[in-house]
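The two complexes that follow have chain A in common; it is paired with chain B in the first and with chain C in the second.
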Partner chain A sequence: MPRYGMLIDLDKCMFCQACTMACKSENNIPDGMFWNKVRAVPNGKPYPEYRVTPLPMPCMHCEDAPCVNVCPVSATYHRPDGIVAIDYDKCIGCKYCIAACPYGARTFNKTKAFVEVGGKPAWYNANVPIRPQGVVEKCTFCSHRIDAGQTVTACVQACPSGARIFGDLDESNSPVAKLAAARKAQPLRPELGAKPKVSYAPMMKPEGGK
Partner chain B sequence: MAQETRKGLQLGRRGFLKGAAVLGTAAAVLGGKPIVGALKRGTAEAGAKVEEKWVHTSCINCPAVCPLRVKVQDGRAVHVEGNKLSKITDGAICAKAHLNLQNLYDPDRIKGPMKRTNPTKGLDVDPKWVPISWADALKTIAEKLNTLRNKGEAHKFLLIRGRYTISDSDMFYSHFGKAYGTPNTISHSALCAEADKLGQWMANGQFKYSAYDLERTKYVMFFGLSPVEAHRPTSRLQRMWGYTRQERGERIKTVVIDPRLSASGAVADEWIPINPGTDGALALAIAHEMLVNGTWDKKFVGDFVEAGKKFVAGQKVDEKDFKEEMTFGLIKWWNEVLKDFTAEKAAKETGIAKETIVRLAREFTANRPAVAWRARGACAWTTGAYVSYAIFALNALNGSYDVPGGALVHGSASLGKLPTVAADDLGKKASAMPRLDQKGTKKFPRAEVVSNNVADAIIKGDPYNVEVAIGWFCNWNFSAPGAPRWSEALAKIPFFVHITPFASEMTQFADIILPTGTTLEEWAYETAPDSNGVPEVRIKQPVVKGQFDCRSMTQIAIDLAKAMGGYMADAFKDVPPADEAFVKFATKSLMPEKELFEEKGVWVGPAYKYADHEKRVVTPSKKFEFYSQGMKAALDKLKLTDADLDAIHIKARGDMLYLPHYEGPRWLGDKKDFPLVLNTYKPTLNSEGRSANNTWVLESYLPVIGEAYNNPAEINPVSAAKFGIADGDKIEIESPFGKITAVAKLSHGVHPESLSIAYGLGHKHYGRNARGKGVNPNEIMGVDYDHLSGHSTYFNTRVRVRKV
Partner chain C sequence: MTQKTTRMTPWLFVVGILAVAGFAAHLAVLINGQKLFGSNDGVPWNILVAAYGFLASAAAGLSFFASLGDIAGIPALRRVAGPATLAALATLVPALVAIGSDLGRPLAAVGFLISPNFSSPMWWMAITYGAVLVLRAIKVWGMAAGKSQSMKWLSWPGLLLALAAPAVLGMLFSTLVARPMWFGTTTSLFVVVLALTLGAAATLATAVVAGARESFGFLSKCVAGLVVALAVVTFLKTSGSDPAYTALYLKGQYAPLFWGAQVALGMILPVAILLLPMGSTANGALLGAGSALVGGFGAWLVQVLAGQGLAVMPELAYKAYRVTSIEMTMVVGVFALVAVLYTLATRLVTAQNR
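So, the complex of A and B:
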């Protein structure tokens, strides 16, 4: 059984938000909600040393996932391939998982989605359910694509610079595992102990340019 | 809240029961394979069979016109991907391509032809639209056009082109416009990149965008552009960003020179904030450094006849002492401009440390092939064409011209052409009339078009009044500097037709609206913009059935000519009868129809042949000119006097007029009264304004500063403190031309002398989501030009701010 994970290369990411848009389209995400937002991390220095770094934030699909641990009804669970999934039939909307998630990956469906267009937009993807009011949702690593035999998520497919790599972390020859090792990729806040399966390769320096 | 949650839960449970009944059959058909997915509750499609297919088309959200593959489920477009067969995009698409879905299904699109019933025109006046049939709309327009033409006044017909497909342009702008006979076919080009183009034209005779061999470049200096955010072709630049950093082996170095920390500046290896409008000084100092250090490319440029001779700062060189190879005019450039343009001098102008300038020149020459890339941030200024010339010339000086990894000249594709029409007497007479925009006159000596000047011509009725106008995919009373002038001008046009999918600010002044489709519904062809040198043709075809009662631009031209009858119908008698037939006619020589439209979606031209100078350098000397003989001939012909040059704010005289040089920015507004410089920028998602009503756009509009649904006024905290402004304050921004009120956002990513506002919000129209969010900086921007090219300046308006 594979153990799916993702590497995001911050040397290639550039605030373009193609991942965000592809995700909205692929996963029928209502306005105001994101499964995959690109955040800006400022360096805190004044002009002209000021810089911001893009930080795309999908669900980290943690191995020791706080959201799974706190869910009182086991609506949030690990699939055998390690993807953290939500069973919308079981979710009672208690939002414990939202409070528990250190990465802010989860959103609550406070209102009914897409009411202004009769419950679903014309561009909705029939392979992904529109979530009902009252449940929590988040990035699924496009599990519907994986289950249909596709090898990459919509964001990975859409990333124009190739900043995202998806695959089996346990297969040492997989591009995601190889690159994570070569680039010394790190997850966000590893000290929290959630063992995220999304890791980030750092921005690099040019070889020439001296 | 608890009740709401509870209610949601109950609803969900009912949904679950319903879903459970059909779970057993939850297998959808995808090319014969079942989709086993999370199809449980919450979707009516659970258990239903979904017919899925992919259809080729191309994007129109910027001039890159990238080839797309669109996923269609049961006749609905649901997802967009790139086309891997394209050598330019390598299968990549940018964020804008996804927006086509929201555009296609936007509830606020125009659903059929409309006519106004309220004769009073104004931005805030309800036109009181009523629907009319296509037949009635075309008949009305045809009568207006015929009446005007038969009076011998075809020149009083204005045809305005905003964004366009190449097929629209060939059919409407060229064939229809030429047949009718008006000289006034006005494109938006001088709101885009005419100064950039003219700079290149002076150097190599090519009046077009520049292409760059990014795959092989080792070092790029970007002057006044945000390559991965708002430059064409976005998808290619973004693909190459990843490729040149982590895929090809040797990692590129990128330097972004811009007064504002753009998305590209943020992720580049180096961001160099520069004093607004001084990019030309930096380029000239780099050229100076290259010459005095002896690091120019001797193979391309040439060398001193006598070994050991050098360029020494401040000292002239005898032209006889230097033998040029592929270039012309280096010594004139040195003697007149470069010899005194030291790093020290440029440091004072640009605010960039002298050491940094020296280092940039060293890095540029030590990391060949290296490219100096320019765009409107550097060039959309008064005398911006010379800035463009100076920056572009660095590539030749560095030997990065028409070589692997250098600046290239993009190839062109050969498409089926419409038969040329012999003009009748009415057409001949009209086309000889002076144009409204004054291009090619002493005011705009080497302009191809002066888009923004047309508003003033209409307002003044000079040289004559416009009687009938048709505009398509344009919104110039929103997008042009001095936007309110356009509202005034449009209100003066007796009969205006707007062809657009959305009712924009410009549509408010229409007498008739003709709705056109979005890119996923239309037949068209496109040629790729200048990028990697290799020509490409892309096609557009309806991926789904048209949403509303729309027609393509091409179809409208054909239908309108037919409705006009007589000479115009005659001029179209050999034109294929419908858009689909025309698109297939024009592309039929490329490959079999089925292969192009069903299997490939793109035609890729032959590989680029480097150093083909005969084709690529078409100047009078057949050399890359540092002294533009083309410009000299153009200006000589007009016999410009000193007074003429003064009137168009050009300080140069004599040979300087034909050399890459620097005059500095001309400000609109006194520095003392207006201490800040208004700097505007285009975020990726803006899509040249056509995504204004997209919720996906609004909620993610400005990722670098973390703002959505708003475009605040970004001010450096040091400057803000001077004016007593705190983060989040409501402030009034006043230029000599007007005032707007915005929210202040303090940002260390803004030059202390700048006030930055993202373009694209501040709509009064364009749809329910677009209306009433943010501000439009073009309302307070002054009108000025790079007079040589006719390009509108976008960055030289000064403003003052106060807390409201």
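So, the complex of A and C:
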């Protein structure tokens, strides 16, 4: 069984948000919600030295996921391939998982699904289920694609600079495993103990971004 | 109709109207969803969760003092055990209304029974508070049926559950590494001491309402002592936290709530009033208990809202939470429901025993 993970090369990220938009259209995400966020991290210096560095933050699909541990009704669970998934029929919308996630990966669906309010848009993806109002949602590593035999997520496919690499972390010859080793990739805040499966190749240059 | 019952009718009318307004707001949220709430992904838990924490911890505290009277044989507590039991039930039911209306899909809550997660503090909280609710309901039934004496054996499990429930409620916060202001055992201790303080203050308030004057002195000392203990735990909690996080409520956005409500109203004023001679009068006792209760709600607002204010990762931009009019109406309705239920339960038990 593979163990899926992602590597994000911070040197290559251009802050174009193509991943964010691809994720939204791929996963039928309502207005005002994002599963894939690219945060702007400021360097704290005043103008003209002020810079922001892009920090793409999908769900980290942690091995010891706080969201899985705290969900009172077992709606959030680990699939056999390590992907952290949500059973929307079980989710009660208590938002405990949002409070527990150190990476801010989760988002609460306040809105009625667009199929209920104005019909399906042109970009509607029939392969991804529409979530009911009042549940918590997040990145699935495009598990519907994996289930259909593909091994590329929408954000990886859309990234024009190839900043994201997805694959099996346990396969030593996979591009994600090889590059993670070569670039000494690290997850965010490993000391929190959640064992995230998204890691970041550090920037070669001291300061990037816009 | 007695004179007392006649006097209570306008009161019941006023709190009834407020409870109905709250119910209408609950209905609006059920129909339109939580877009009517001010909470967001940065601050997912809103004022309803703070109201739940306040009412649930007060209910546990009331259960503690109602049970302690029977176990320790303290006359001042035994006299108010009945009203305190009624108040515990009348407080816990609206607490569940408050937390239920914060759920995105309340009907799916059946999952607590059919799909439990034993590693979740929230699941354990639901179980312990469910047990507190059942026990208080049995006690109230016993009071109405005139079987209070034969149900005294329930006092021990009542006392233990009254301590376990706020401890588990505290665990719900203290186990979250993502929220540094909550993380750590001091938060559980804080919630337990806060629950006992609120329970003592609410028991004193019920003693005033029930006219149990001889209980004022003992309960006033209990409230004052527990407020001092709460101040010590609050100091430990504050001094043990990262300055970046404590600054949010010591000097930042939540400073007025912390210093004004939690410290001034919840600690300084009750101790000052209840230790003075006026603390043994009905008006003084009610003022002191009321002040401790208002301050306790302030403490819960700080705990819930400021606790979410800063995440463990500074990269996660903090989004300000502003309470909406719908949320406020729901909270007022929930508090009014406490008054309605307590008034009706008192009438019912009095009528049954007549």
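Observations, loosely collected:
Simple rule for what comes next: the second predicted complex is superposed on the first by the 198 of 210 C-alpha atoms of A that agree within 3 Å, B and C clash if a C-alpha of one lies under 4 Å from a C-alpha of the other, contacts with A are read in each partner's own complex, and residues count from 1 in each chain.
As a convention for this text, a residue touches a chain if its C-beta (ideal position, glycine included) is under 8 Å from a C-beta of that chain, and two chains touch if they have at least 3 such contacts.
Please read these numbers as outputs of a predicted model, since none were measured by experiment.
Of the two partner chains placed by the overlay, only chain C lies in contact with A:Pro66; chain B stays clear of it. Of the two partner chains placed by superposition, only chain B is touched by A:Asp147; chain C is not.
Set against each other, chain B and chain C differ in how many residues of chain A they touch, and the higher count belongs to B. By the touch criterion defined above, A:Asn109 lies against chain B and chain C together after alignment on the C-alpha atoms of chain A.
In the superposed pair of complexes, A:Ala75 makes contact with chain C only, with no contact to chain B. Of the two partner chains, chain C is the only one touched by A:Val41; chain B is not. In the superposition on chain A, contact is made by A:Cys101 with chain C only, not with chain B.
In the superposition on chain A, contact of A:Lys195 is made with neither chain B nor chain C. Comparing the two interfaces of chain A, the one with chain B and the one with chain C have residues 39, 89, 91-93, 109-110, 112, 132-135 in common. Note for the complex: chain A touches chain C at residues 39, 41, 55, 57, 66, 69-75, 89-96, 98-104, 106-112, 132-136, 188-189, 192-194. Of all the residues in chain B, the ones that touch chain A in their complex are 4-9, 11-13, 15-16, 19, 28, 30, 33, 35-46, 48, 50, 73-74, 76-82, 92-95, 98-99, 101-102, 104-105, 107, 218-219, 228-229, 234-235, 238-239, 241-243, 245-247, 250-254, 261, 263-264, 266-267, 269, 271, 273, 363, 366-367, 684-685, 695-696, 699-700, 703-706, 716-718, 747-752.
Contacts from chain C toward chain A in the complex involve residues 33-35, 37, 39, 41-42, 44-45, 102-106, 108-109, 111-112, 115-117, 119-123, 126, 172, 175-179, 308, 311-313, 315-317.
Taken together, the chain A residues at the contact with chain B in this complex read 9, 11-18, 20-22, 24-26, 31-32, 37-40, 42, 45-48, 50-54, 85, 88-89, 91-93, 109-110, 112, 116-117, 120-135, 140, 143-144, 147-149, 154, 157-163, 203-210.
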